[in-house]
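Two complexes are shown next, each including chain A; its partner changes from chain B in the first to chain C in the second.
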Partner chain A sequence: MFSQCAEPSLLDGLNWWSCYLTTGKHINFYQSFLVVFALLLLTVPFILAFGFAGALARRSALFPIRWFGLAYTSMVRGIPDIIFFLFVPIAMDQGIEYLRHKWKCGDWSEPVRQGNDFVVCTAAKMPLGISPQWVHETYGFLLATLAFAIVFGAFAANTIHGALGAVPRAQLETAAAFGMSRGQIFRRIHLPQMWVYALPGLSNLWMILIKATPLLFLLGVEDIVYWARELGGTKTGRFAYPHPDWRLGYFLVLLVFYLALTWVSERFFAALMRRTSKGQTTIGGTV
Partner chain B sequence: MKLTTFLTTAVLATGLASASMAQAIRMGTEGAYPPYNFVNDAGEVDGFEREVGDEICKRAELDCTWVTNDWDSIIPNLVSGNYDTIIAGMSITDERDEVIDFTQEYFPPDPSTYVALAGYDGDLSGAVVAAQTSTIQASYIASSGATLVEFATPEETVAAVRNGEADAVLADDAFLIDIVNASNGELAFTGEPVNIGGGIGMGIRESDGELKDKMNAAIASMKADGTLSAMIATWFDGRMVKY
Partner chain C sequence: MSCAETLVQYGLRAIGIGTRALPKTDITLCEQVVLIGSGLIWNVYFAAVALTLGFFMATLIAFARASDRKWMSLPAATFIFLIRGSPLFIQFFVLYETFVLLPKMGWDINLGFIEIGIETRWLTRAWLGAAIVLFLNTSAYTAQIFYGALKSVPRGDIEAARAIGMSTVQINRRIIWPTMLRLAWPSYTNEAIFLFHATALVFFSSFPAWQQRGDALYYASYFADKTFNPFVPYPIIAGFFILFTIILILLFGWANRRLNRHIQP
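Moving on to the complex of A and B:
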């Protein structure tokens, strides 16, 4: 990046560090922090959507929908996350490719499964083999996002389901006595009062989500843990900037990053809780 | 009329473009096993296999992109089609050959060596030995009677020796020699080298016979004109291999 970095072996002290910390690999490391933020910001709307859908499905008057909601939440909550994270992206990817294969190459005579191989025609590849690398990475990232949304959505569904049930019945009956329709009761009375019961559970979920982002690395997305491990590893004379095993230092940086992130979140949720508690008939609301 | 002419030209143009464009191939590697393959300071795949792979692609007229993947899942991701080849210092073994196909070797069988803390003189047959998961070295240790501790990356196997978790590490000689040289006398070779593995080849899906033929032809031509031997000499301290 700097002109003096052309000959790394001649550098020492501060110069060495300024060059070392601005190598292409380090820039990738810094950018991967954005990947983590992108994941967090992208998944939250989906988690809430899945959560609401699941909670409402469980409260549905129709038996099949109710059953589906229950199956979704209990299945996802009962299966170890890591299995889900490994299963969903692979299954989704192969599912999408299979459908595209059927649609684009209907006249293909060879089977899709040949022994161990999963073979679809070139046009059905997702993304296409000729697509640039960033398309592949974005696609992988989106599959990972979806896996996160499905898993965390199930937990959110359970939290929201519980919170909807915690709103005092008298509130809803009073609303009905005022002549509100079912939709009005839900929107004006039930939903706004639900938040105070849901927030502690949802904030827990957010904290767990932050801490689960290193799972991205398992899914092949090059996140901060991947780069920290990669950069911290012993660098022999083959590299421009040789150094011994520095993984401890890099992981320490991650530790501070995650602690800071959870600390900020904690403050945010405390403020949000105060806001939603106002005027509620709970202990938090009357103080 | 004008529109049809336009369309015909457009169709012709795209047809020509795709005809002249080389087939796109994704090359999967681990990127953590210098000098075979590693991610350099610029964040790009580098090493012996990068150079060999690029030359193979040039000769086979393929348009290659490099991708890195964890060693653990490198074969599953090949068979499910996330990339088209494995070029990651993978020794040709019968077990792997049942799942995927290999091209002819582009690197000869290389002895694996033990590295321990300097001054170690214990009996390796009863020692705790570290190796990377799913490697020929790991299966060798498991069948040799020594206690095997497995790690996901080569880096961790060496770290295990440094912190005393394992007595020694078994890995390809070419990988360990750099580590030993860079350790300022902390680590040293120990015991006798073991001859395992059948040379390194490129892994390809069993259903991908056409690609395998292209790669084989390219490797054969590189062996014939001495390019491959020269590359091996550059990356492996002047080692002479005659093809």
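Moving on to the complex of A and C:
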């Protein structure tokens, strides 16, 4: 990056560090922090959508939908999230390819599963084999996002279901007495009052979500953990910047990053809680 | 090969007993169920060690955190913040790399009747290293739960105990500690479930599985890779985890009833 970095073996001290920390791979490492934020920001709308869908399904009057909602919200209590993170992307990938296979290559006679192989015609590959590298990476990232949304959506559904039930019944009965329709009651009375009960659970969920982001590495996304391992590993004399095993140092940087992120989030939610509980009939609102 | 033979061959494969080579071709459903179930030995072991030791550690940390003395509450608060603020996944990496960098040393400890050798290289093995990471992790989370409960112990209980002449130690042991456990138990049950689920990360993501002795997820992903069919091994491991989570909930429910037996109808 700097002109003096042309010959790294001659550098020492501060110059060496300034050159070492601005190599192309380090720039990639810094950019991969954005991947974490991208995942967080992309998943949150989906998590809330899945959460609302799950919570409303649990409250549904139709029993098949209610059972589905109950199964969806209960599964995260019994099954580790990591299993979903591994299962959902590959299952979705094969599912999409299978459907495209049926659609595009109807005359294909061989079975899709041949022993230990999963074979679809070339036109059904997702993304297509000829697509550039970034399409493959984005597709993988989106599947990972979906896995996160499904798992954390189930957590959110639990929280929202509980919060919907925590709104005082008298509020809803009063609204009904005023002659509001069911939709009006839900939109104007139930939903606005639900948030203050849901906030502790949702803020807790946000913390869990932050702490689950390094699992992206296991899904093959080139995130901060990937680059920390890549850069920290022992570099022999063949490399421009040889150094011993520095992975511990890189992981400590990640540790500090996550500590800062959770600390800031905690502060933010504490302030938000103070704001939203103003005027509510809870302990937080009366003081 | 019948399923009973497979059970003999692979039932204890995860702890190194039975056939060395894992199935590679023509993998049957039975082999998947048996091997994944055998890996679950490790999950149960990690959860049992971490939860048992972590329970006592968490009690100590919670009381230290609630102490009026700065030199006790500050380290406890820092420890809780460090562990609760960072992902378990990163903690595994950091501690594993630390253990690897430790000098290779060994000590012989003479217990009078038996001599035990202790070596630092054991720390890089999952059975000790990962157990330590999980123990520290659950200690911090549980300590925070216990600390919150400690703060909610009714003041009147403590005043009543003092009024009938109990010493501070007696009050702590007979009044505060049991009440704290009662208040904390539902949250602690959740933490135990989370920790049990976290054991799935050990072999899969941080500590190397020596001679392919891994936990349930290690074998499940092995099968998913070999058969390229995720729809069999992952539902199997999910079933196992649901089963053991239910057992865990039953155990904690039994403990909860025992803690609250004086107010049972």
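The criterion applied here is as follows: the second predicted complex is superposed on the first by the 285 of 287 C-alpha atoms of A that agree within 3 Å, B and C clash if a C-alpha of one lies under 4 Å from a C-alpha of the other, contacts with A are read in each partner's own complex, and residues count from 1 in each chain.
Note that in this section contacts are C-beta pairs under 8 Å (C-beta built on N, C-alpha and C of every residue); 3 or more make two chains touch, one makes a residue touch a chain.
This structure is a prediction, so every number in the text was calculated from the model and none was measured.
**Student:** Once chain A of both complexes is superposed, is A:R238 in touch with chain B (first), chain C (second), both, or neither?
**Tutor:** First partner only.
**Student:** Of the partners chain B and chain C, which touch A:E230 in the superposed model: first, second, both, neither?
**Tutor:** first
**Student:** Could you say whether A:I90 touches chain B, chain C, both of them, or neither, answering first, second, both or neither?
**Tutor:** both
**Student:** Just checking: does A:N28 make contact with chain B only, chain C only, both, or neither of them? Give me first, second, both or neither.
**Tutor:** Once the two structures are laid over each other on A, A:N28 reaches chain B alone.
**Student:** Check whether A:K125 is in contact with chain B, with chain C, with both or with neither, and answer first, second, both or neither.
**Tutor:** After superposition on chain A, A:K125 lies in contact with chain B alone.
**Student:** Tell me the contact category for A:Q133 with respect to chain B and chain C: first, second, both or neither.
**Tutor:** first
**Student:** Touching chain B and also chain C: which chain A residues?
**Tutor:** After superposing on chain A, chain A residues 90, 94, 116-118, 245, 247 contact both chain B and chain C.
**Student:** Which residues of chain C touch chain A in their complex?
**Tutor:** Against chain A, the touching part of chain C is residues 25, 27, 81-82, 84-91, 93-94, 97-98, 100-101, 193, 197-198, 200-201, 204-205, 217, 220-221, 224, 226-231, 234, 237-238, 241-242, 245-246.
**Student:** Give the list of chain B residues in touch with chain A in this complex.
**Tutor:** The touching residues are 21, 24-26, 31-32, 34-35, 38-44, 47, 63, 65, 67, 69-70, 73, 77, 79-81, 84, 99-100, 153, 155, 158-159, 162, 178-179, 181-182, 205-208.
**Student:** Which positions of chain A touch chain B when the two form their complex?
**Tutor:** 8, 23-25, 27-28, 90, 93-94, 97, 114-120, 125, 128-130, 132-133, 136, 220, 229-230, 233-234, 236-242, 244-245, 247
**Student:** Please output the residues of chain A touching chain C within their complex, sorted ascending.
**Tutor:** For chain A paired with chain C, touching residues are 77-83, 86-87, 90-91, 94, 113, 116-118, 210-215, 217-218, 225, 245, 247-248, 251-252, 254-255, 258-259, 262-263.
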